[in-house]
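Two complexes are shown next, each including subunit A; its partner changes from subunit B in the first to subunit C in the second.
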Partner chain A sequence: MLEGIISLIIVIFISPLFAGMINKYKAIFTGRIGAPVFQPYYELIRLIKKETINASSSSFVSKIAPIIIFLSMIFVSSIIPVGFLKPLISFNGDIILFAYILGLARFLQILSAMDIGSSFEGMGAAREATFALFAEPIFFFSIGSIAFISGHTSMYEIFNSILLNNIGYEIFIIVCSISVFILAITECSRMPVDDPNTHLELTMIHEVMILDNSGFDLFLYQFSSYIKLTIYALIEISFFYPFGKQNHFLGILIFIVGFLTLSITLALVETITSRYKMKLIPQYLLFATSIGILNLLIYTFMK
Partner chain B sequence: MNILLDNDTSLLIFGFLIQFTSIFFIFLKKNKSAVFFSNTINIIGLAFSLFISIKFLFTSNGNTFPLFYNFVKIDTLSLFFLFLIQLISIPTSIYIFSYLKHYIDEKRNVRSFMLFFILLIISSQMIVIANHAILFLICWEMMSMTGFLGMLLEYEKNEVQKGSFYYFAASHVIVFILYIMFFILHKLTGSWFFDEYQKNLQIIYPVTIFLLGFLGFGIKAGFIPFHFWLPQAHPIAPTVLSAFLSGVIIKLGIYGIFRTYLFLKPLPEWVGWLVIIISLVSAIFGVWYALAQHDIKKLLAYHSVENIGIIGIGFGLGLIGAANNSLPVQILGFGGALLHTLNHAIFKSLLFIGSGVIYQNLGTRNIEEMGGIVHRAKYLSIFFLIGSIAISGLPPFNGFISEFIIYVGFFKTANELKNYYPILMLLFAVGLALVGGLAVACFTKVNSIIFLGTARKEIKKFVINIYDYISLGLLSSLCIIIGFFPTPFVYLIGKIIKYDFVNYSYRSVLETIEWNNFSFIFISFSSLATIIFFIKKYFNKKYSSRKIEAWGCGYNNITPRMQYTASSFADELNEIPKSILLYHKKIDLSENVFPKSFHFESHSEDLVDSKVVIPFYNNLRNILDKIQFLSQTDIRYYIGFILITIFIYSLLSFIWN
Partner chain C sequence: MENFFSILFSLSLFYVAITFRVKAYVSVLRFQGILLALLLILPFIFKFSIYAIILPLTIVLIKVILIPNYINKIILDLDIKRKIDPTIQQLTFLIIVIASVIIIFLLTSIISNNIELNVIPFASGFSAIVVGIYLIIFRKKLIIHVCGFLILENGIFLISTAIASELPMMIELGILLDVFVVVFLMGIALNRISDTFEGFEVSHLRRLKD
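== the complex of A and B ==
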């Protein structure tokens, strides 16, 4: 219980820092100085103090959606193990709860976008609904396949069961982590699927959905997207914990190294690639899915 | 033979009698009072019966109540479906008060509608407790025909005639197949009684009989490719009836499939695979077809196909478990299927009644002409939203619980049966996740186009009366209750499986899932949401909040027509299985450089309907046209035909002997 609360607090407090790190590295790679690493914290505090403005055609959905999305991210992050700490919510089958709470968040995100009644938000919502469909199988073919192979249905146990003692299994896990990386890029709306920094509405997915939000609503949206990014980073790092031997020092070390590597990788990916055409995104996601399927087949038949 | 009539069973019969009594009130002089009294009495009877069946269900310890010389027998499965029918009938009946008001003013024949509706409810209840094949078939026929006659409330409309004919034809095919099935069963066992079939282990050709049953009941339930009548019949039926049709009648198909399975219990494994694959196809394409619809009731009808598919996936999983003698897989598969049957009945009737309220007010079923209803009817949109989240299988409502059981079933199958099962189960899990993703896309489309944004067509008035609120409120609170406190319902399901499907004595896998976790998580989720809501309110007050026009890129003359429409929202998704959905788009551009008007339309047709059913029907008609010369007006020809037939028969019997 205490471990779970500690890890939840770590996730909540570290998530803006992670986003700040990515931005900093990205700035460095593109030859700028960039904003300080702690900039996202300032931004969040600034947003709280702003006036909340809603569109005139918006309804109760716009009022409750940010809250539910934020809470969904909190609850989802309390399913993922941080280091060797047992998460707050951990029971058999919580992997399904994980996927479906994210689904609930998506449902309300799309609704709140459509609530504005503007075609910009509609465009983003339609894209979100479409690409989510392609992202869904990636989750099941990566994390789900580990669950089906190991026979565990709880996130904590799934990651606990990963033992890097067999070369076949190691390769399987590494390829899974690549699939998860592509999933993370899609879900967290990073390049090359979505550009979090652009201001041309026609090219955005996530950003365009929250275009008409401000103040406390935007604070909740931004914070939840930071947490979401951290959740996927945690999943990615969790693949590489040698869960067999539990050493807290080692855990902290891997945690820090993992976050550093991931932020550099994400920044690097965003520096060297440009955003794909919208038509190409389904192919990109299907590519990740097929990696997952191939990986699974190879692992099964090589055993 | 003893007629067992202790206190409880006589109460059950008493409940039925009250329902029957309500029929006599139809003959009251005024239309209005006839509807009011018959409906009120019927609701009282239903509530009474519901109370008794709940009592039976929760105290049942596996004993069955044979009544009327064993013609009627109530076991736990019957009790569960009795409970389901009564539970759904009450809110739909309450909705009648508001729905028929309009028709009473129009001086339509509402009495006959009431008669057919009450008979429909009674005959559906009779179906699930019948223990005699002939009684079952009579009730089945009565259920089908009262449903058909009830559909004809607006008989003069062309689409009503067309849609109800689909229902009529499909019902007769079903009854025909069921006759064959029961005659074969009678031939093999020498009995008409269901419990005899259930006891009899030496039924030969179980697979053939099961497939016949699956075909017959499957048409009723609406598995692809036998679903084609559903999207035709649902939109044109009076909304009360479509709610009942989708909530209860297609579940009777599921009941039939379960019953057939119980007759023939050990089935080979490939039957399970067949069922599960048909179900997965139904689920995926059901929801995909739904996504392409503009007619709200047609869309909901296709969603029934999807949910029947999910129920079928659970059932197929149970069959696989049974073939492999794996207890947990059976329990999870059948359990998930049964619970989803109940859940789907609840949220589908909720959504249908919601669509009915909208239709009453706007007079259209086309969602492209709606929009902005949330500003007129906040609570209606909340109820509809609850139903939509539940039907997409998302937490914290009831749809999630049953889908969760099915997912756990997949994991359990992979664990228990090892070998190549993990991969196959993973594929089915991905399929179910895909269905979930599509359902999210579909219901965000429905909700946002109907309720959110601004009105695409001017809404003159939007009236919702107290009866609408009561029925919608009842159904959505059921969604919430099952979602937040699944434990008693899951135990109930476990009980049904224990007494009717497989015998086991220890704690089953259903009970080992920590259901209380869900209650805890969902309750803490909602209480935290309330806390943040107040924090947000505080900050909004401190730093002020207001509403202004949405940003239009500097363009100030935004009209409701510029909003995203249902077809544009779903376009990218509909493009993917274009050839299966028969998704057409037509754009008419005028030739001018500065065109004044555009015309765009997109629609989808049903593949089975337009490529199989209608060509088949046309070909049949051509053949029949060719032999039409036999049909003469002169009676002497007919006498001649009869004589020829008798001659052929006697000749054949002569040769045979």
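== the complex of A and C ==
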């Protein structure tokens, strides 16, 4: 119980730092000094002080959506294991709950974007729905095959039961980390799929959906997107936990090194790639899905 | 460990199926060459002998250095545009590739019931052959046809390592020489075609008459 609360607090408080680190590295790679690492915290504090104004055409959906999205992010982050701490919620089959709570958050996000009645936000909502459709199989193929290997269906059990003498596991790490990385990029609207810094409505996906929100609502939206990014980063890091099972100190080391490496990798990818054309994105996601299918094939025939 | 390299090999096939650039094909060829060389070195890692090192070195020389550099030279000389021209949509092509890979894996597992073979290297090699043929069918640019042929060749190589870990070395060297000569001849043919026609696409060749 205590372990679960500690891990939840770690996830919530470290998530703006992760986004700040990515922005800092991105600035360094492009030759700028960049904002301080703690800039996302300052922005969140600034937003929480401001007054909330809703569009006059909006209904109650816009009022409840940010809170439900934020709460579902907190709920999801209490499923994910941090290091070897047992998460707050852990039962057989929680990977499916994990996927569908994220789906609920996405549904409310789309609904609240449609609710405001701006045509730009409707466009963003349509895009989000389309790409989410392609992104869902990636998660189930890659996490599903990991679940098959370990023989468990709970997030904590999966990564705590895999033995390293399992001959195929090194392959799975490589293949799964590629597909989960692409999934994280899509779900968190990072560079090759969506540019988080652009402010041109025609090219945005996630940012356009929160265009008309302000104050406390915007704070909740921003904070939940930071938490979402951290959740996917934690899934990516979890693949490496079985290497440090003998020794808890090694587990913490893996966590820190993975966190740093992942932020540098994300920043590097965002620096060297440009945003894809909208019609190419399904192709990109199908590529990740095919990697996931390959994963399942390997599991089936590696005996 | 063999499985590991074979899976990376299959990943490169998926990459080939969605990429839009001619240069990417050349780098995939280089990558596959490195993988094949590593696969051949692997069995001899603890019992070093001079004969074990000859074939991997030749592969590195021909498949990683000579052929890709030669293709790059052709691309530069003939001023080939960097985008490939697919005849069908890339998305459809990727779906076809995924379906074929699944079928091939299933087939291989059926075959492996009766014959002793490594399933994953065999299936990856088999998929490389099929993807190579698809590249030749579904692309317009002639230089991509050369790349497709080379991917097919890599697949045959991978299959041969999956069936028997040590083929007679002279045969392998002979195959490598053949491949190199074929690529060389294709380069010369492409040069000739470029003298006669404007582009480098199959559609121009369709109008050839006696």
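Assume the second predicted complex is superposed on the first by the 295 of 303 C-alpha atoms of A that agree within 3 Å, B and C clash if a C-alpha of one lies under 4 Å from a C-alpha of the other, contacts with A are read in each partner's own complex, and residues count from 1 in each chain.
In this section, a contact is a pair of C-beta atoms (placed from the backbone, for glycine too) under 8 Å apart; a residue touches a chain by one contact, two chains touch by 3 or more.
Small disclaimer: the values here were computed from a predicted structure and weren't measured.
> Putting subunit B and subunit C onto subunit A via the overlay, clash or fit?
fit
> After superposition on the shared chain, which partner residues are touched by A:287: those of subunit B (first), subunit C (second), both, or neither?
Touch status of A:287: second partner only.
> Please work out whether A:6 is in contact with subunit B alone, subunit C alone, both, or neither, and reply first, second, both or neither.
So A:6 meets neither subunit B nor subunit C here.
> Please work out whether A:170 is in contact with subunit B alone, subunit C alone, both, or neither, and reply first, second, both or neither.
In the superposition, A:170 contacts subunit C only.
> Which partner does A:127 contact after superposing on A: first (subunit B), second (subunit C), both, neither?
In the superposed model, A:127 contacts subunit B only, not subunit C.
> Who does A:250 touch here: subunit B (first), subunit C (second), both, or neither?
Touch status of A:250: no partner.
> According to the contact criterion defined above, which of subunit B and subunit C contacts more residues of subunit A?
Counted on subunit A, the partner with more touching residues turns out to be B.
> One more residue to check, A:153. First (subunit B), second (subunit C), both or neither?
A:153: touches subunit B, not subunit C.
> Which partner does A:269 contact after superposing on A: first (subunit B), second (subunit C), both, neither?
In the superposed model, A:269 contacts neither subunit B nor subunit C.
> Look at the superposition and give the distance in whole angstrom between the closest pair of CA atoms, one from subunit B and one from subunit C.
After superposing on chain A, subunit B and subunit C come no closer than 10 Å at C-alpha.
> Does any part of subunit A touch subunit B in one structure and subunit C in the other, and if so which residues?
Dual-contact residues (subunit A): 297, 300.
> Using the touch definition up top, name the residues of subunit B that touch subunit A in the complex.
371-372, 374-375, 378, 381-382, 385, 389, 392-395, 400, 403-404, 407-408, 410-411, 414-415, 420, 422-423, 425-426, 429-430, 433-434, 436-438, 440-441, 443-445, 447-449, 451-454, 512-514, 517, 521, 525, 528-529, 532-533, 536, 539-540, 543-553, 558, 560, 562-564, 568-573
> List the residues on subunit C that touch subunit A in their complex, please.
3-4, 7-8, 10-11, 14-15, 17-18, 90-91, 94-95, 97-98, 101-102, 105, 108-109, 119-120, 123
> Mind listing the subunit A positions that touch subunit B in their complex?
Residue list for subunit A touching subunit B: 48-61, 63-64, 66-68, 70-71, 74-75, 89, 91-93, 96-97, 99-101, 103-104, 106-107, 110-111, 114-123, 125-127, 129-130, 132-133, 136-137, 139-141, 144-145, 147-149, 151, 153, 201, 211-212, 215-217, 220, 296-297, 300.
> For subunit A, which residues count as touching subunit C in their complex?
So the residues of subunit A touching subunit C come out as 167-168, 170-171, 174-175, 178, 282-284, 286-287, 290-291, 293-294, 297-298, 300-302.
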